[in-house]
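You will see two complexes here that share chain A, one where it goes with chain B and one where it goes with chain C.
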Partner chain A sequence: MKKKILVIEDNPMVIKSLEFKLNKEGYDVYLTADGREAMEKLKTETFDLVLTDLMLPFVSGSQLIEFIKSKHPQVPIIVLSTATQEDIITDAFTMGVDDFITKPFSPNELALRVKRSLGKIANNN
Partner chain B sequence: MNTFSKSFKDWPTILQINFILSILFVILAILLLGTVLYMRKRKNSKDDRKGTLKILLIDFINNFLFDEEFNKPKGLTKFKNDHLKTTFDFKIAVSQILIFNENLKGESSLLIKELFFGLGLYTFLIKDLKSKAWHKKARALFVFNKLGLEIPEEQVVAQLNSKREEARHQAILYLINSSENDPLSFLDKIDRPLTLWQQIGMESAMNAYTGEIPNFSNWLNHKQQSVVIFCIKMIVDQNQFENILSVQELVNHPNARVRRQAIVSLRKMEITEVLPVLIKNFPHEGLKIKKEILKSIAKLGSEEDLKAVVPHIRTKDRVLKIEYLKIARYFNPKLPKVKKTILNTYASGNKKIKYS
Partner chain C sequence: MIVNAEDEPREVLRNLMVKESFEVFDFDNSMTAILWIKKNGAPTGILIEEQATPLDALKTIDYLREELKMNLPALITVEPQSLKSNQDLPGFITKPFTENTVLRVRDFFEKSMKNFENRPKMPSFSLQYLEETYEGDKVIILESLTLFKNSVADKLQEIRYSLLHNNYEEVRNIAHNIKPSFEMLNNQKGRELCHRLVYQCEEEEIPQIAEELNKEFQIIKSELNSYFSPVTQEYS
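Now for the complex of A and B:
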């Protein structure tokens, strides 16, 4: 059964590229362009991994991460962001994020990190 | 019609003029309305074309980058022939490639460059670089810089002294970012002053430069004052303390802006040895430089240094008086807050203030 990945990103080029690449890697990809839409989706569906930006419209990345951790604590979260400041990255890990990738990103590296995060959960289960 | 023309001739002159002008203005109004409608229609069709082409480009680029079974040479030729027909199409393709380049790195960067060449965008932009239009040259240089592509240097150097600031700016950034070991060698070739925005861009590019930072004192004798000022700022930014003596000499430079920048920079670097020279120069300097000297005394000097310049602060130099008083209070917090005593002292003719 294909793993389900929720991608939350407001940049149309990035979201299309992520969808394409992750589909090629054999995942089912669900797209949302903002935090509000993502939260609605997370209330009714479960995902195997969430890939999110931090700078999102309507709902901030941190609020979204808190929400995911409260509703789906087992779901790994990978952050994909332009932020390079140490404090932002540290805060993200403190909130329980599993990985942090800065933009510009290497799609192959991203695919490997997704695979690794999903593999960790499978081993824990 | 004959009746009309006959009766028209019988009309009073003023009515004839009015009638002709009315016809003329109606024609102009129709032409204006027609032009607005045509431009609106053209813009809408351009926007539609842009939207369609963007979607096609994103799909094509994603296939090119991520689909290993995709036939790249064939795909490039087909896409170019089917969809890139006008200058507008090429411009949209260039902007999409730049967005991809901005967001992806690693092996994707190489593929993006392959895509760029394969779609004929390199040839398109080289043509733009050789055109007479300054905005085309500036855009071409911007794209080549962002993608890190090599282009004939003479094409870039030719823009260093362009009449348009935008073209000069892009040429400067290209030369800094593409240089392996001497990013500022182009400064010897510039004949036009550097604008503040160009200096900011250069500083940012130098901070991101991964090669060896040049010795900025090489250009402290440049004929362009803006280059000298930029280099003084960069000496401080890059902590080139070995160039302190060269900067110190510039407090006696013939140009006031250079002298001012030298004073500001030496203050930032906390070079106390320059204070005696500054105090000596104080009487002969203009208001702005005097203010900088007072600030330098506040940061690097003592109350004695401050007293030494008091006789040279004129009654009408209100700004200087305020600056002086702030610094005097900084050195001596017990100085009376009542301004009258001090201001009266000044009003009576630059008498030295006695501190309690």
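Now for the complex of A and C:
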């Protein structure tokens, strides 16, 4: 069964590239453009991994991570950041984020990091 | 522009240059000169003494290049006792200032201008990243370029609206959003302008940087338009 990945990102070019690469790697990709919509989705659906930006409309990055960690503590989170967001990334790790990747990402690096994060969960189970 | 701490040689050089129809702005320290450039824009060139303070000549040139993104023709003026090897290099002029100094300055600036005008014109974007990401799939690359044109145009419109309402925080958020779009086209200038808007500039600088960003987008858009026609024909 295909793994389900929720992508929370509001740049259409980044979304397109993520969707392309993740589909190619055999994942089911679900897209949301803001944190509020993502929270709604996470209330009713389960995902194997969340890929998220931290500067999103309506909901702050930390609120979103807190929400995911409270509802789905086992779901790995990879943060999509831009360079020079060191403080934000450090905070995100403190809150339990598993990994981060800078935009625009290297396609192979993305595939590798997603696989690694999903692998961690499989090992834990 | 002249930067020289001592009044007398500065005045001599100023008078010589004015006599040869240069418009001269002179300063006794490098920081005042930088602030003037920041406020008034780039002069044709800069003559700065090697031991200028608080930033010496090389540091000032580096600051102009890295922080203000200005690659000005620069001549460094050195004392006669300075290293002989420096004095003979293009870009260095030995004191005291004479009429010959002005001839060398004119020659140097003219050559620099010519080099600037004759430099090969590089395209403002590259498809390298998109080609790698989409494994060379030209149809998806084309879709992505269309997405760039449309989505960034919308966001720049939102920036203009936010500026009208002095909503600078929103301008920063939008710049954060579109920064990866410029990066994906390997457009360094757009990336840097977005970066400055998000992290580095004061509120009063935002309208000017936003305007520069808009101009850069128009340049990319126009180059993309010429790129689009042959590719569209190829795939129609």
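Some notes on this structure:
Quick note on the criterion: the second predicted complex is superposed on the first by the 123 of 125 C-alpha atoms of A that agree within 3 Å, B and C clash if a C-alpha of one lies under 4 Å from a C-alpha of the other, contacts with A are read in each partner's own complex, and residues count from 1 in each chain.
What we mean here is this: a residue touches a chain if its C-beta (ideal position, glycine included) is under 8 Å from a C-beta of that chain, and two chains touch if they have at least 3 such contacts.
Not measured: the values here are computed from a predicted model.
For the composite obtained by overlaying on chain A, chain B and chain C cannot both be accommodated without a clash. Look at A:P73: by the touch rule set out above, it reaches neither chain B nor chain C.
In the superposition on chain A, contact is made by A:K21 with both chain B and chain C. In the overlay built on the shared chain, the residue A:E109 is in contact with chain B alone; chain C does not reach it. Judged by the touch definition given at the top, the superposed model places A:M13 against both chain B and chain C. By the touch criterion stated above, A:M55 is placed in contact with chain C alone, chain B being left untouched.
The clash between chain C and chain B in the superposition falls on 37-45, which is one of the stretches 37-45, 163-171 or 199-207.
On chain A, the surface patch touched by chain B in one complex and by chain C in the other comprises residues 11-14, 16-17, 20-21, 103-104, 106-107.
Those residues of chain A that touch chain B in the shared complex are 11-14, 16-17, 20-21, 24, 103-109.
Partner chain A is touched in their complex by these residues of chain C: 129, 132-134, 140, 143-144, 147-148, 151, 173, 176-181, 183-184, 195, 199.
Listed in rising order, the residues of chain A touching chain C in the complex are 10-14, 16-17, 20-21, 55, 82, 84, 103-104, 106-107.
Contact residues of chain B toward chain A in the complex are 58-59, 62-63, 65-67, 96, 99-108.
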